[in-house]
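First chain A sits with chain B, and in the next complex the same chain sits with chain C.
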Partner chain A sequence: MSNVVPSGQPTGPYAPTPGRAQPASPVGRVVRQASDGWHEFAGRFDAQRVPLAGAGAALVVAGSFLPWAAFSGFPGKMTLSGYPGGVRAYCLALVVFAAFAFHRRAGGDAAGEVASLGMLVVTLYTVLAIAVEGGGLVNVAVGGWLCLVGSVLLLAAFGSQPRDEVVEPLPPGSVWLQLLAIVVVIGLMLMLVVEGLSIEASNQFVAFLVAIAFFLLAAARVGVTAWFQAASERQRMITIVAALLSAAVFPFTQAGSNYWLRVAASVGVFAAVVVGLNIVVGLAGLLDLGYVAFFGVGAYVGASLSGAEASNLDVHLPFLVVLVIGALVAAGFGIAIGAPTLRLRGDYLAIVTLAFGEIFRIAANNLDGTAGPKITNGPNGIPGVPNLELPGGFNFGDSHELFGIELAYFANYFWAELVLLVFVILVFVRLNNSRVGRAWVAIREDETAAAAMGVNTTRLKLLAFAIGAFLAGAAGTLNAHLTTQVSPDSYKFDESILLLAAVVLGGMGTIGGALLGSAAIVVIPEKLRFVEEKRILLFGVALILMMRFRPEGIVPNKRRQREFHDDTSGADATSAPPGSPVATA
Partner chain B sequence: MSQFAQQLVNGVVLGALYGLIALGYTMVYGIIQLINFAHGEVFMVGAFGGLAFQRYVLPDGTPAGIALVLVLLAAIMTSVATALVIERFAYRPLRNAPRLAPLITAIGVSLFLQEMVRLYYFGGGAKNEQNFPQYITGGFRVAGVRVSYIDLFVVIVAIGLMLALSAFVRKSRTGKAMQATAQDRDTAQLMGINTDRIIVVAFILGAALAGVAGVMQGLQVGTVGFKMGFLAGIKAFTAAVLGGIGNIAGAVLGGFVLGLVEVMATQYVPGRFGGGAWKDVWAFVVLIVILVFRPQGLLGERVVNRA
Partner chain C sequence: MTPPRARKAPATPPPPPEPQPYVPPGDVVLHADGVTKRFGGLTAVSDVDFVVHEGEIVGLIGPNGAGKTTFFNCLTGMEDPTEGRVTYRGQVLSGAPHEITKMGLARTFQNIRLFPNMTALENVLVGRHSRTKAGVFTAILHGPLYRREEREGERQARELLDFVNLGQHANALAKNLPYGDQRRLEIARALATKPGLLLLDEPTAGMNPQETAAAMQLVRKIRQQGLAVVVIEHDMKFIFNLCDRVAVLVQGKKLVEGTPAQVQADPRVVEAYLGTPATGEAS
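Showing the complex of A and B:
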């Protein structure tokens, strides 16, 4: 285990405190140096920090109420004065947060600094966007400049204090406080989602995302996120129910509009598949590169047994039966692929699943009656899959009116996806907390040691693989109804990669990560049209960067985080000081 | 009979290409136990590098022979440069990371290279297949079997390079250091071998062969596309596993066996599963069968499962 601390550490008042890990990468060192230099510079204004912060905040607040753009083409109400719409509202929110953080407690300076940095980034981005769109900096009106100057002043005020990195955890507080926080946060999340989806301009959407990211970072600096995480763990059932409720009311926020419901329904199905893949990759540590093929198997089974006219099987079974059959067939394929390869090193699995994905695509394209038996209709696929129908005569294609809001097609499917997603999450959570889940983690971290401890590694890996395939197959049968058709193009290698990207970006082995990752991967190309064509490129870069700088993902699994960082000792405070050998987590 | 001989020729040519690419997989895997998924893309980038050299650097009317040699060199340089950058900035920082991390990085690199060529290749991206210049034309007939000069060139160059590589690894000082590093990296380091350098050498050699293979594929097929590395990569990896991964002679043998199996299956599998549509499937079936019955490959030794 290498635990090398680079020599030549900086000295002086801003030298790293003991226990502060030295970044191992050159990029990390440059960032650290730049940040130390900045703090040394800002430290000169220590005496003036209160007037600086006051002036900065005043400027930002004033700027928020003044127009930012000199022309009316720029969206987000940037030309109006007297009402902080769009990006200006984000700056206002950040400055309120910064004011709250000011001198409140340990870490408050750091939080204020992050918030004002976020403000600076958002303002700078918007000012540049206005300049680019309007054709010159002339088009930036007084509000933009005021906010820009104000955020620089705030940044200097907060940056003038030396960093105290140790933030004591907040007291847990009463149960009522925790419940209140959970309800407020989840309600806020729903509001943010609705707000974010209603933003039409891509510039404003980027600013929105950046503002949220900095807000979360700042909240983490004062220990609020850690507190909330602990509270939501303590009140787990309540959190889950509240989150579910807020997801379930989402269709009502769309006021009968179908566009985002369609997207939300595809997020639902995508997330179900991603959580399934997360069992295979995140829990058991098996890299499956052909996962979408299992999804495809389920979809083809679902379409073939749905009574669609183009189906080559003249069978129409009730949906729940089809769901189980599709899932079982997919699981059968999973076992057939996994059994020979899972006895071997994990790397082989990656390539065999890749090959299986290709075989599936080729087979789906060729089982059309000329090059093979007529099962899939080749490139045409199976169109015209009928809508789902519940035994009571509830047809998913019909509109239904509830509380005065018309809920059509996609809302019905959205709820069906939600039920599926909850089922998949339940499977994930129950497995993760079971004997099987612990055995998977043992296999993932050291297969030889796990086998020596009596874990039947081959059988358990096969189980993970089969369960993953089963869940993907189940999701596939539902998806066949949602999209009303199946065709080979929907189950290409690219799709497997998107699934993997969602797992890796969100965080391997966590539910929150899988949900966040799938939402990001479906919604971002939808929102930022200019990303659409480059999305594979961007996800490729994201995979490389994530593995390099944050392999545990955006929402890390604690155990996983230590596993990835066990030789840098930077991830948690409990690890040994640099120089002494670090125990492997 | 002449049909069989014809397929034999086709299979050998295909196998020579697979073998060339497989060598890159096998050398890197032998030394750092990493499946370099991006190797197929290094091959693709090499072909595109050669093509760019022909299009934008070579003056019109360069004699075909000289042009071919220069294009080959350009392809090698592009591939090697790409592989060096990947090794330095994507793989090396993850040398001691858990096993999943470099695999995912490799996939990321592979996507990145494909998309860079697709979107940003000279002249507005290479979204469609690009025509590759044909330097060698014509052929001859022996006993009813058609052999084009390109086929002959591909096989001769491939076998020549394989022999040269094998001699290099067995005889030269660096080659011996590679063998030592493959056997036990830590001990090799203790013996004074700069293992970082050896790993770089393995990447360079593999990339150079892949660059040559890229040009050859361009000559043989007549076109190159940003997707060509994907299938070629999986097939070559199959060849490497077939021969016994980590084993240089095995990669070559595996390449030829796989090429022959693919060609023969296309020709001789009866019924509807024969023919071109299913040829890739047969290659993968071979991979799975090998993993079931002889996971160490044809020439490989049983490897200890390292954690």
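Showing the complex of A and C:
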């Protein structure tokens, strides 16, 4: 046959039959075969595991209550004894978890090991940070050393156990238990967010993130995360309502200052754009490297039509009208760009969209009345976008009192952004579960086959582009008010890359991933000032690490998770071949 | 029609096959008229006339590289024929593949082209795309049209999966299905487009004898639903047991067309596959 198009699919007439679907989480299969050097070494302590674990736990607990630093400059009141503040609390939480994990059920040892490793990393990092800030290891007080030794002992105790056990999924439990778990976990998440935001020192914030990461990894080892995922899926409405409520009460918490509300609102806007991009990239599989341009179109429309001093259009329309106009104009741009370019596939489309993003930025820089019509004011942009005002005279610039609590005025924007985000998520989820969403995924999977099955590929790709642009444009109009000014520099190529990074980092095609990825990309540079100037570099490194260790993203789409981990059919991706010896000493 | 018993060539080979009366079961469904496809200097398909009637199973055979798949592609709009035209129930087939699918032609692929990371059910649901209308707004609002179509779609998709005996794997990812199941899923997906004519490109490639027998049953079952079927296949037993008529394509040209008995008896077919007896030991 002269014209067989290669499908890129590994099946041929003689391809072996692939294995059945297996969950990629450790639940339901062998956690890990202990055959690496560390487990062979740790296996020697099998006989002493109980005293080792006891001593280790005692040391960590004792260390948590003793001072870690000999000088008072370090965050978290590390000089106080009898008070497990700052980083010490994370070690304490991890050791409590490890105690629960200790031989409770299959996978408990693996979980304890991860938790111990978390303790070790957190302690080591803090001890080094204290030494660096204080100018020498002398400044590390007794508590730090105790925790360090204790976590090593715990690591050895947990590591000495064989890993060839099968983790059974946890029983689903009663509805009340599930509801309780959902409420507790979501409440805990809100607490952790507030706690994390109120951490001022970068060092402690890093330790905080590391501790949470290890905690989640450890919880996954005993099947707790899988259980929670299943429970939240079963009680979907409750989970959604609880998550929304906890997000809505955020302005009432101690983190509800104008500053953090502004950051949170930026996360929301960023997330809305990321979800929109997820339609284009995650569902339809069209790599768009100039997506931020649509966001910029929306922002310029928003700034121009809202009665800003510098606006070149002397109109002031109500915000909801502006929102719709901005979204529609952006969608128009999406169609205008998409119509001629969507014949291209893959890399070619990426290059063209990249060029479009640049054209937008350069055009915005030049439409200043000298090089072209005066629309964007060139590099100066449009400053002084006024506060939002709702028809009832509700001004977003005023602070309001609610339930007897004086709220920072940015709470208004936070809630507006929340509404926008919910709308965007609703559009994404509902389209994903529809005829249109299935056609998009089909196009992503195999465009030729999709066309042969009656999918009008050109039209649907254009639709994906238009809807993605529409959502970005809507988010852009709100963002113009949020940042009070619009300038071409905000819509550079870097921003498109960050948006894509959020999509990939969080997990393609999922809402949780988009939210988490956006939060990481916006909050981490805010929190860790030293990250800000190197953020592209650091996110690049993070992406490379993700591609190596978790290509499906932090919050994987079920489909993609199976895509990346299914070929292992039952064994962990990092596990040794089945024949290798199990180090039980 | 009497089943041909004379499998082995008779002692005296009858030089020209006599035109036996063959009564097509129904009206003309597909009519390819002088279809030619050239790729630069290469003529992959040359002036092929081809007719399929309602309720008929027609086989298309030929050595590798004879142009069978290219001919299929010309029928389904994936290639535009350089010359000639194809009509389906009197309408000229032209335009994009999705339009032709909507008119009533569905196909499977020689190298399976499922949507590997979608479930079996979703694969079939994609096949229903051209027969449903729910757009963006009704999907976002979960309007009545959306709800009706989703409910109806899932019911029909499950029926189709049961029809090809894949009902219990509805939620398995397509790529995780065994090879034979993937072939049948592709057929279910094609049937979901509600075709009047089904084009199967090597449906039994890579199958074991049991699976091949099951595939034959399946194709017969499809015909019972009133569809016409065109099959490309290299498995001669499959073709000659299944088809009402067989066309042989050699080097882009239609060499012979007739009932299985006629085609089997035709020395030109033997020659096309095995070469001329004069070249020696070919047997």
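What we mean here is this: the second predicted complex is superposed on the first by the 519 of 585 C-alpha atoms of A that agree within 3 Å, B and C clash if a C-alpha of one lies under 4 Å from a C-alpha of the other, contacts with A are read in each partner's own complex, and residues count from 1 in each chain.
One rule holds for everything that comes next: a residue touches a chain if its C-beta (ideal position, glycine included) is under 8 Å from a C-beta of that chain, and two chains touch if they have at least 3 such contacts.
As the structure is a computational prediction, the values presented were derived from the model and not from experiment.
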Which of chain B and chain C A:213 touches, first, second, both or neither: neither
Touching partner for A:362 - first (chain B), second (chain C), both, neither: first
Partner chain in contact with A:500 - chain B first, chain C second, else both or neither: first
Partner chain in contact with A:350 - chain B first, chain C second, else both or neither: first
Touched partner set for A:537, first chain B, second chain C, both or neither: first
Touched partner set for A:448, first chain B, second chain C, both or neither: both
Chain B versus chain C as contact partner of A:439, first or second or both or neither: second
Touched partner set for A:142, first chain B, second chain C, both or neither: neither
Chain B and chain C contact sites that coincide on chain A, given as residue numbers: 1-2, 445-446, 448-449, 563
Chain B - residues contacting chain A, complex: 33, 35, 37, 90, 93-94, 96-105, 107-112, 114-116, 119, 230-231, 234, 237-238, 241, 272-273, 275, 277-278, 280-281, 284, 287-288, 291-292, 295, 305, 307
Chain A partner contacts - residues on chain C that touch it in the complex: 39, 42, 44, 64-65, 67-70, 73, 76, 78-79, 96-98, 101-102, 106-107, 109-118, 122, 125-132, 134-136, 139-140, 142, 146, 149-150, 153, 172-173, 175-176, 178-179, 182, 189-190, 192-193, 205-206
Chain A to chain C touching residues, read off their complex: 1-4, 6-7, 9, 11-15, 17-21, 426-427, 430-431, 433-439, 441-442, 445-446, 448-458, 463, 467, 559-560, 562-563, 566
Residue numbers on chain A that touch chain B, as the complex places them: 1-2, 25, 281, 285, 287, 289, 337, 340-341, 343-348, 350-352, 354-356, 358-359, 362-363, 365-366, 370-373, 445-449, 493, 497, 500, 504, 508, 533-534, 536-537, 539-544, 546-548, 551, 563-564, 567
